[in-house]
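Chain lettering (A, B, C and D) follows the sequence in which the chains are written, and residue indices restart at 1 in each chain.
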Amino acid sequence: MKETRICILGGGGRLWPIQFMKDLAFNPATKGRVVLYDIDYKAAQNNVEVGNRIMSLNKSGDRFVVEANDHLKTALSGSDIVIISIEPGKTEARYADLILPEKYGILQSVGDTTGPGGIIRARRALPIFFEFGRLIKEHCPEAWVINYTNPMTLCTAALYKVFPEIKALGCCHEVFHTQNYLAKRVGEWFDIDTPDRREIKIDLCGVNHFTFATSAYYKGEELLFRLKEEVKDSKTFPDLTEVALKRLKEEKWFECDQKIALSFLKEFGVLGAAGDRHLVEFVPYYLDSDETLHRYGVIRTPYAWRERVAQEKRNKSYEDKELIAERSDEEGVDIMSALLGDFVMVTNINRPNEGQISYLPLGRIVESNGVISENSIRPIIASDPPMSVQTMIRRVSDVQELTLEAIYNNDDEALFEAFISDPLMTLNLKDARGLFEQMIEESDKRM
Amino acid sequence: MKETRICILGGGGRLWPIQFMKDLAFNPATKGRVVLYDIDYKAAQNNVEVGNRIMSLNKSGDRFVVEANDHLKTALSGSDIVIISIEPGKTEARYADLILPEKYGILQSVGDTTGPGGIIRARRALPIFFEFGRLIKEHCPEAWVINYTNPMTLCTAALYKVFPEIKALGCCHEVFHTQNYLAKRVGEWFDIDTPDRREIKIDLCGVNHFTFATSAYYKGEELLFRLKEEVKDSKTFPDLTEVALKRLKEEKWFECDQKIALSFLKEFGVLGAAGDRHLVEFVPYYLDSDETLHRYGVIRTPYAWRERVAQEKRNKSYEDKELIAERSDEEGVDIMSALLGDFVMVTNINRPNEGQISYLPLGRIVESNGVISENSIRPIIASDPPMSVQTMIRRVSDVQELTLEAIYNNDDEALFEAFISDPLMTLNLKDARGLFEQMIEESDKRM
Amino acid sequence: MKETRICILGGGGRLWPIQFMKDLAFNPATKGRVVLYDIDYKAAQNNVEVGNRIMSLNKSGDRFVVEANDHLKTALSGSDIVIISIEPGKTEARYADLILPEKYGILQSVGDTTGPGGIIRARRALPIFFEFGRLIKEHCPEAWVINYTNPMTLCTAALYKVFPEIKALGCCHEVFHTQNYLAKRVGEWFDIDTPDRREIKIDLCGVNHFTFATSAYYKGEELLFRLKEEVKDSKTFPDLTEVALKRLKEEKWFECDQKIALSFLKEFGVLGAAGDRHLVEFVPYYLDSDETLHRYGVIRTPYAWRERVAQEKRNKSYEDKELIAERSDEEGVDIMSALLGDFVMVTNINRPNEGQISYLPLGRIVESNGVISENSIRPIIASDPPMSVQTMIRRVSDVQELTLEAIYNNDDEALFEAFISDPLMTLNLKDARGLFEQMIEESDKRM
Amino acid sequence: MKETRICILGGGGRLWPIQFMKDLAFNPATKGRVVLYDIDYKAAQNNVEVGNRIMSLNKSGDRFVVEANDHLKTALSGSDIVIISIEPGKTEARYADLILPEKYGILQSVGDTTGPGGIIRARRALPIFFEFGRLIKEHCPEAWVINYTNPMTLCTAALYKVFPEIKALGCCHEVFHTQNYLAKRVGEWFDIDTPDRREIKIDLCGVNHFTFATSAYYKGEELLFRLKEEVKDSKTFPDLTEVALKRLKEEKWFECDQKIALSFLKEFGVLGAAGDRHLVEFVPYYLDSDETLHRYGVIRTPYAWRERVAQEKRNKSYEDKELIAERSDEEGVDIMSALLGDFVMVTNINRPNEGQISYLPLGRIVESNGVISENSIRPIIASDPPMSVQTMIRRVSDVQELTLEAIYNNDDEALFEAFISDPLMTLNLKDARGLFEQMIEESDKRM
């Protein structure tokens, strides 16, 4: 068992750092030091305390030292693993991402990955990641870097832009939800206990949050074949407006019934492999109105709630039972173990395209399966989806590339080209220009 | 001078066949036989009479025999050159293409190339071209085939689909208009007589009707550089609503001021190289409303006018002065001469991609410059436009490929995938499905 | 546990069929029926007896029925797995492959994969594989097909040529030897027991018998780094002529010390990952004379021995102890189990290129790692070797493609183009033509 | 008519500078200044005198000023056109290129482009071209650069390596010889006067000195078809040993009968489009012995003659009649005129691959047809030769790339990888290493 130095950027956060430390506590094959860095140093210090409670409660205090560090360079220096999970700018800046487009008739359910909101959020986030990449190159070039921050694809791409040899990947749990959905259906179909999601083997392709399963297996049974039969039946797509309104009332933003994922299967022959609220943002078919969206049971997460919750999280204190580690659905610690040589692991990862996605240029950050083993991640070539889906993915990836280049060159004129190329943008040029300028102004103001 | 057998499919038409015969009469280096074929045999016979008058009036009666032929196979048999310029289905079928989308809020200015109208028109046209391709393979496989029919890209692609070795190209005069515009500007800038459009050298890329100039030269002077300065000035884009309304009243559908072409130059750095009424149909920025469109001086050609004019053309009789040949702007006869070995010619052509458009798959029908000489057309590699433009072109080409495959396989479900992938389609799936089914029904009814 | 029907083509052989049945007997997770087909029906019948003894001796008689079948179509019909391990033509035909080139000064150590011998052997083998492919398409299109026959790449390619949707792969144990060599070295370096070869993780690329390791790991330790230090030392390359002569005398054709594999590491930076006797045949550096070859401890397997041993094998009878199953180094049965959904397996496979080898055209049969799971083989993208090695691999693959096309088209003129393009061919055209014609004549005579 | 500043690097030479000035004198559409630079300043000064005589004798004194300049930077500064034609190192250094390989049994007929001689010559030449490229970037980045120096491909590639935006091309007259040969044959076949070579249209592909015609036309007549019939007849390939020996005696090194070019047509289906003495150096089929070579009428240019002639040229004085300008076969001045906007020209050029050669990576310097017009060179896509020829070209280009990278990185170990990858190298590694080290030593000594 090797001593591992893990640096968490955004270490003051109340979500990923704590989950990650619980997973470390749960996995007895790890040991070393956790260094928490955050621009809010006090938040990082608070998490040291939480981290120590986690280690202690889970009898792992001898395995991990947790500490905060106020200097980015020394925090990174000598790290074996760097975890990045940050909020780029204040939560208030998301007003620009979400409320302004709505005024022009552009609805977004999440607004952090794609669409006008995703692009302006990227404009706040990427300069931070360019800086991270440069410092990693200088202070821990051999470290494996795991990014959780959205826009995932662009933030990961930003690291590679400034340090092409970086050993980085993006991790996202959206595909796990698809596996969980299929596991549940397997339970129903075969009248067995719901299997673990890891037993559902998906052949995956796309870019983060806009991914598709071209096949799915459980113990030799092909599962999409069954779903394809179901989606032919109009009963699979009842009007879920009532469900949506109930969810709206109960603030259950993240719940979904995979009706969008299944709608893709019906129209294009491949199953959407991300949450419905993400999938709808990459095409013009679902967000023309809340009425259309609600028919699929999907609701939009409002800015007001985000603002309120961000406030609540900052003040949250943890009870012991919240800090007890158990087998979680997150894979960060597993990936870390695999990279250190403990085992070989096949899972979905966001990585530069080496050919795993045949219809995208090399170098683009794409999501597909990969094999993780000793100090090595090798992509597995994804099966091709139908050409209509390739076209959609290609377009999304192209807009991402335009966005990356524009922000890298600090060129808002070029960024406007990306902005109007986004699938959600159907405004005429005058309105598009008006929206773009307002969003930039508000985003800058609230940064 | 070789005897050349030229077969004109759609030989009863009142536009291309007559212009083409005038061009033959004008070019003294040609001789042979013109065979007119049309599903309306009487129209072809009428054009024999017109053709004979043309030859006689232009003292070319000894060079060309003009005849009609009622059998497609014998008309094609032994041809050296095949010209295709047909109307796929009755003009009345265009009701489906144009009026129905409008009811769903989708405006189209031409509706014969792209958008829902272009796709449904392709559904009428392509089966005819599959048949043409098969018969050419059988009866005159060595003939050079020049297509003028819209949707140009798809009709030409259909020929290659069934006969990959066919020696076919698509010809279109839209780029000539751009050359004429630039020639006029050259006259103004340098205070000289407007030069011949052929003296304006354009580096061209794209797909038919959605083409772009990445550079333009007149005698060593780069011209886009000057235009780029102009488009920075807001005076280049005055509100042309009054002009548009006047054009509407005077039925001047084809007039334009290149404001859309220039708008592309402003936003994306390359000059649109087709008429504004075509360019607007490939992006969502100009057709959100007639108000937006009119601001650029562009108006939509209405279905009612098309219907009326089609009727008038059928009954038209020609005066002698209309049949006198002079140097025209069309290049069909020049291309024919070059292929027969008379000279080497560089011009814009629609051909399968062999790499001339680096960002499109091989085999797609693309428009760019080519060198035409003895029995040979070789593409010239086009310079790359900015990535934002590459993305737009790629998307349009992908939708064309989806359309081709769906129609080839007679698969309306697959055609619906193409339909909803088109840049003009921003309906939700329910509305899109409704429109699609109505258009097919009306198109079939009026075929 | 599923009932599996396994058809073995070349089921009368005395090597693979027997080993395969022993492996089936050893793996308790399999059951079903083994159908032996051979053009020598009697040999197949003899192996039924041997197979029954294997099942009985290993207490697996209740799991597998073994039978012979004299009709290729019924043998294949309904199979889940097809194993192919045949001798294309009589052993005597190898006279043409081995002796004739020697007369022209072209030495070959094996002569069944590449070089003039490999090409002429392919000319005997491929027509048989075209027939196999066509029959599999007709009688068991869903079967997984595992080929062991040389020339491996070309025989596997022949199956895909006639049936592109075939689910076939080529298996070869040469890489296992490289793993065993590294495992032995690991034992020495770390002073531990020699680990199992499966614990050595190799990143692999190339075409069968001409493969290279770009990295190798054991529990997080990179191994090539150590070897690169060693090859800098001239002591790593002593003159092994004496060793070679001893091997020659003792008929130890297959023994080697990896000096050729290490010589590639020295000159080109990547470790050869096949036996030395194979590696030397793809480049001109080692076979200019036996003297050069012997310096590396490598000897050539003579035709006379092959002829004698073939005779002996035919008459061989088995003792019980030879038929007792134990964990073997062959992976055929493991792969079969993985394809049936028992587990996920990463190993080296020969498969059509989907991009796993970035510098070879798609569709070529290449060797690299792949992930095998339920009814699915997905290639893992191999890391690129230095460009000098890419060039060598590309050339070999190109010659294979030329050979495949020529034999498919039954075109000996085209085959001569392949013949003179082979790395071992340095004759002038007159001599090359003479050799080619003699080899064909002899090969045909002894077929 | 624009004032043009032309800088000739190697301006003291006795071949290209003088021919080029004669061509300038002949073409009345040019005017400006010729600046001669040479490391041998005196030689440049001598050529100023010759240049002035040329201008005066051809009544062009008012159009061109000729001057010598002893400083590379000021010579380049402000140039519109840069011509490069230098000898890299002393002629004596060619001893290393030519004599040493012969001692190891490697025969070369020219030894300046490929083979061990070409590689070691490149090692002398490329550092000079890296310097030229850097200075052009600094002092005349907009200039068009025309290179005539061998190894042509590598010297041109070196310019792009250090200045990727350079506007450079390589010019070579070997293809003109092929056109002249075909023109002569056209005269025979059609019983007409030999037409001008420019009337022979060749579709060309390859890398410099290893180029192939896939088709050739004269006024609509395909010419390769006729030659293909001829090469089937063994009378087309008589034993030309006597001819070769006569040439040897008469020192007619450059004469040939295109028998090698035709031998490629016979074996591979495409006509070699360079002189036989160049073509033989890229494959192992002709240089195994002088006997083989002589059978085709080809002889090797000896080092001794080169040494003697170099000396003679230095001391040469010109008679008036040698300086009278007439229409020459060289195209440098024509290309210059076309780039200045005088006309559009289609000819063979050496340029970075933008896709004109489909089977080579982008960026490699390749030879094919291009369109030259106002400040623009656009490649024409070459038709593909058979795959066997693609493989040969690919291999040669790969070795060139390896050579370029190795010399750029000043890495002789990497250069050895290139050296042993060359088609002419069939030595074992020990001998190869010995030859390599001796050649480097001698080349360095005589540099």
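Definition applied: a residue touches a chain if its C-beta (ideal position, glycine included) is under 8 Å from a C-beta of that chain, and two chains touch if they have at least 3 such contacts.
Predicted model only: the values in this text are computed from it and were never measured.
K.L.:
Quickly list, by label, the chains bordering both chain A and chain B.
P.N.:
none
K.L.:
Which chains does chain A share as contact partners with chain D?
P.N.:
Expected: B, C.
K.L.:
From the centre of chain B, which other chain's Cα mean sits the farthest off?
P.N.:
C
K.L.:
Using mean CA coordinates as chain centres, what's the chain B-chain D distance in Å?
P.N.:
Here the centre of chain D sits 44 Å away from the centre of chain B.
K.L.:
Could you tell me the distance, in whole angstrom, between the mean C-alpha positions of chain B and chain C?
P.N.:
Chain centroid spacing, chain B to chain C, equals 56 Å.
K.L.:
Multi-chain contacts only, two chains or more: what residues does chain D have there?
P.N.:
none
K.L.:
Chain touch graph shape: choose line, ring, star, complete or other and state it.
P.N.:
Looks like a ring, each chain touching just two neighbours.
K.L.:
Dump the list of chain pairs that touch, please.
P.N.:
Here the touching pairs of chains are A-B, A-C, B-D, C-D.
K.L.:
Name, in rising order, each residue of chain C that touches chain A in their complex.
P.N.:
Interface residues on chain C, with respect to chain A: 2, 201, 203, 215, 217, 219-222, 340-341, 344, 346, 354-356, 358, 369, 371, 373-376, 378-383.
K.L.:
Write out the stretch or stretches of chain A touching chain B in their complex.
P.N.:
Touch residues, chain A against chain B: 263, 267-268, 284-286, 288-289, 292, 386-388, 390-392, 394-395, 398-399, 401-402, 405, 416-418, 420-421, 425-430, 432.
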